[in-house]
Amino acid sequence: MSFESIKNISLYIIQRIVLTIIALVVLSFITFSLSYIVPGDAALVAAGPSAGKEKIEQLRVEMGLNLPFYEQYFVYLTKLSRGDLGKSWFTHQPILNDIKDLLPASAELVFFAMLFNIIIAIPLGVLAATKRDSKTDFSIRILVMIGAGIPIFWLGLLLQHFLASETGLFPIAGRLSFSNRNFEGSTGFLFFDSVVQGEWGVFWDSIWHIILPAFTLSVLFIAVITRTTRSTLMRALEEDFITLARSKGISEYRVIIKHALRNALVPTVTILGMQVGWMMGATVLVEEIFGRPGIGKYAVKAVTQSDIHGVVGVVLIVGIIFIFSNLIVDIVHLFLNPRLRKNSIGNL
Amino acid sequence: MFKLFNYLRSPIEKGAMIFVVFIVFIALMGSYLAPHDPYEANFKNTLSAPSIDYLFGTDAAGRDVFSRVIYGARLTLATTLFVIAIVAIIGIFVGIISALSGGVIDNLLMRFTDIWLGFPPLILALGFAASFGAGMKAAILALIFTWWPNYARLSRALILETKDKDYILSAKAMGVPNLRIIFSHLIPNAFDVLFVQISLDVAAVILVISGLSFIGVGAQIPLAEWGAMIADGRSASKAWWVVFFPGLAILLTATSFNLIGDVLRRELDPTLSKVKNEKPS
Amino acid sequence: MKKLLLLLFVFYSTSIFAGTRGTLYIAENETPENLDPANATNSTVDQLLVGVYDALVQFTAGETTVSPRIAKSWSVSEGGKKYTFNLRSDVRFHDGSKLTAEDVKFTLDRLVAAKGNTMNDLAFYKGAEVVDDYTINLLLSAPFGPFISGLSRIYIMNKDLVKPNLGDDNGRSWLAVNEAGSGPYKVTKYKPTEEVVLEAFEGYWNGWSGNHVSKVVFVYISEPSTQLALLKSGDVHIAPDLTVDDKVDLKGNSDFKVDIGAAATPLYFQLNTQGKKLMQNSLFRKALVMAFDRELHLNQVLRGFGNMPDGPLPSNWPGHKKGTEAGFDLSSAKKIINENGWAGTRLLVRYLPAIEEEKRAVEQFQSNLKKIGITLDTEGMTWPSQAATVQKLETTSDINMIYNFPSFPDPHAILNTSFNGKLTGYNGGYNWAQYSSGKVDALLDQAASSSDQNQRAKLYSKVQQMVGNDHVVITVSNPGSVVVMSNKVVGYKYNVAHHQTFNYMDIGLK
């Protein structure tokens, strides 16, 4: 690599990091504003319905509610930097702890949904592109259309009803069977913990429990990736260098996989990265139907309890994950796309 | 836009177009077509199976599911189009400013847009629901906040592509005021492409809105919104019709709009996919 | 012989000590808020604590009067302003230390400082005086008839254990996840998102004669279908949160018992008597009251699981008066509306859509009102938000739905809480109809400070009549507390003083 491109890459990365920080600040501003403008009295809610007026006033001062907006925002930022997301007025426990406990469950769901996504969508896309305009291509495209239009929660209910409640092929709800409910792992990631502890029963149990929810979550995204892979691969196959490769006598298989696909995957990977954010948001629906713990469910419960700090905490965490996954996608994109390395600064 | 009909190739695509027209028609004429009052509760006739009188059966409050699905079409489509209209206007506005200003402003605006591109609207909607109270208001606000970047990016790219074209340059040389150029040339040119995005977004927005209503953050019972109806019918597992028909309605509507959007994209400009799919750097 | 010994060994190995055996599994759909006794008015908290802590006196499941517990006996003096309690000397906390009057005083002082909800039922409590180790005086600023009943939720805690952990929030953080009780069961595991485990406390002062379980496990299952599956497979013994359909289905099944607890938690539409002009009109409110069909609600929504309401007080309670509330009569209601030109009025009702029964009641009401020319707008809220709206008169909606969960089976718990002018929403109470009638207040206060039960019954009769004539509330239902359990469960009884809890300390397994 030339000095020029190293310089470009580094500047690019630094620029991205600065933008990330700005994004985080904007995010914190929004989450703070959300908790600030809650109509009604935060001190009242924290004090409880039967507290006397003096107690409410006292709480108001303690919580700093009389300070001007910018001062309160500054206090909020300071607390954030220490990892203090406030206490749930309901459980009196720090919200960060609550979210930390539940995050692995949601993360697992997203991980497996992504896995299904990659395993199913990319081969389907390749198939459709290579057998372009055939019956196979056509059926795949129909499936894609349906997948992109089916509401996740409805699909979940149907799958749950037919594959779980009625036939018992899969469990109805939960992360583990009743008999395994006490399993405790050190990280909270069931699949990792159970293997580490050698508890293969628990491992397979958790796989059995995650199949339906993860698949439900992935359907929509599979549709998008299949379609993307198909179109990018189709275009890649039309490029000159492919014709060149073919004329050289390279086998069709190698032409497709080694040459065309590598190029076609670049935008696909980008979109996969962007889907992480959406998936984290959509976990709410799946967690609700399949009775799984997670930050989505936590946020919904917080809304029903008017626990604004709980909700805002989740928005913040999801936002942070979203912003960082974008950063990673950008950096990965940089290395995948040779053109960028040369033009990183000029082509902003 | 009416050239659309010529573009439909397969029977499935024709079917989709027919359905889209059908559902829009239902949305507009719904109040005259519904056989029963969608909000009239009748506790003597709860959870009854589909029959001649009640084509899709009744729900847990004895209301006619068929009538509610019809009303739901209007509610869903109206909200969706409202959101998309606002989002498109904001997005186009930002995109134009960005494209025409160039330089630092362009940079800043695009960076700002990038921050929000793809932020999960469901989570943000929960935040708004906690602040303002659950309801369509929270859902709509959250969608507006998270959706406009798509249009900003798209319109910026389109404007950039068009603004240096010969006929624009010559119009400027002739002294046509900038505003006129924007409104008479740039925007109409972009509109074809934007329309593709809009058509595809209708499906996506419908899914998000019904999702939000399902978890209780969007439309509130007794509003006949499809997602809310599914949530309401969940507890009565034997009465499958309460959950099935609204879900089917969402599926058919979203899929049809998706298909039409795809047709539009295919016909209007095959190179469009390149603009949409690649993350501009 | 060996086989017999082996059998006995196996049999007793499931018991922690002689006298208890087996593990009782109870499913619950709502995770507990925390373990703090100050929150014991919340049923998810009370559910766990009712057997973990002791109170001075307690309502045994199935009874409507208190019996002595930590207090052996008590006397009332100074015109009802001083209660002297003689405590047992053999009560021990779970850590082995003895319970004395100091612990009682500490508990009460801490509750006052922490503004615990459980103090709301002890209206005129002023303070406690320790006389000696086993004698304590509780002082009131004015006599209060139901005072003894109210003490049933005052769970006595271990001063030595709690005092060092008070911190700066009156021990709320520490007590949220720790217990300091003397009751028959100890909390040995508290993981609210999974399960909470209680184990029998060998040193319990009342001993372990009879059939009791060694362990109680509360598992948190939010899905009714999962609760049903676990009940059927025998993994849980008690499943309180099945769908109404499931409950109806299992009624005829001999493997299960469907217990319908005597209904004592009325649901009301509270009509804002100080609201807009039309709402202040008693005749208009009468039309509203006549527009709700309670029988239909009981049959269709509750599927018969409950009692037909007759006024705000449950029919089988002392002091109940028949026929005080206007019945369902849609045509008369319509007549009133038309004769006075009130058609076209718009009203707003606030309720909790998360509660199915409230949702259905609102839907029926809305539909009926439409028939008589009134439009009912609905606003679903969450509990804290709704509570916040009634704290100011200007923000109170025309109608509010609310349950009354009486802490003990005394008319005071329902009538005073719901209709006393000092406890209106804007005064911080649950009288969300903002009803303020000097005459009714006088009667309520008089009944509260009297200890003559006959006189009290007469006074409460008058209250119901006046409230009925003023058309303050629509009593929607008296829902039964329906619990489905395996037929292996012996000894379950609904406790009207501890709603939505289970008397696990009296339960044994077959």
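Think of it as A, B and C in the order they're written, each chain with its own count starting at 1.
Assume a residue touches a chain if its C-beta (ideal position, glycine included) is under 8 Å from a C-beta of that chain, and two chains touch if they have at least 3 such contacts.
Computed from a prediction, not measured in an experiment: that's the story for all the values here.
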Remotest chain, chain C as reference, centres from CA atoms: B
B-C against A-B, pair bridged by the larger set of C-beta contacts: A-B
Cα-centroid distance, chain A relative to chain C, in whole angstrom: 41
For chain B paired with chain C, centre-to-centre distance based on mean C-alpha positions, whole Å: 47
Inter-chain centre distance, chain A versus chain B - centres from mean C-alpha coordinates, in Å: 22
Contacts with two or more other chains, residues of chain A listed in rising order: 165, 303-304, 306
Junction residues of chain B, two or more chains touched: 133-134, 216, 237
Per-residue multi-chain contacts in chain C, two or more chains: 225, 354, 385
Sites on chain C touched by chain A in the complex: 33-34, 36, 115, 117, 120, 169, 172-173, 176-177, 192-195, 219, 221-223, 225-226, 229-230, 235, 354, 382-385, 387-389, 391, 428-429
Chain A partner contacts - residues on chain B that touch it in the complex: 10, 12, 107, 111-112, 114-115, 117-124, 126-134, 203, 207, 210-211, 214-217, 227, 230, 234, 237, 240, 243, 247, 250-259, 262, 273-274, 277-279, 281
Residue numbers on chain A that touch chain C, as the complex places them: 40-41, 44-45, 47-52, 55, 90-93, 101-102, 165, 172-174, 178-179, 181-182, 291, 293, 303-306
Contact footprint of chain B on chain C as seen in their complex: 224-225, 243, 245, 293, 296-297, 300-301, 353-354, 356, 359-360, 363-364, 366-367, 370, 378-381, 385
Chain B to chain C touching residues, read off their complex: 39-44, 46, 60-61, 133-134, 216, 220-222, 235-238
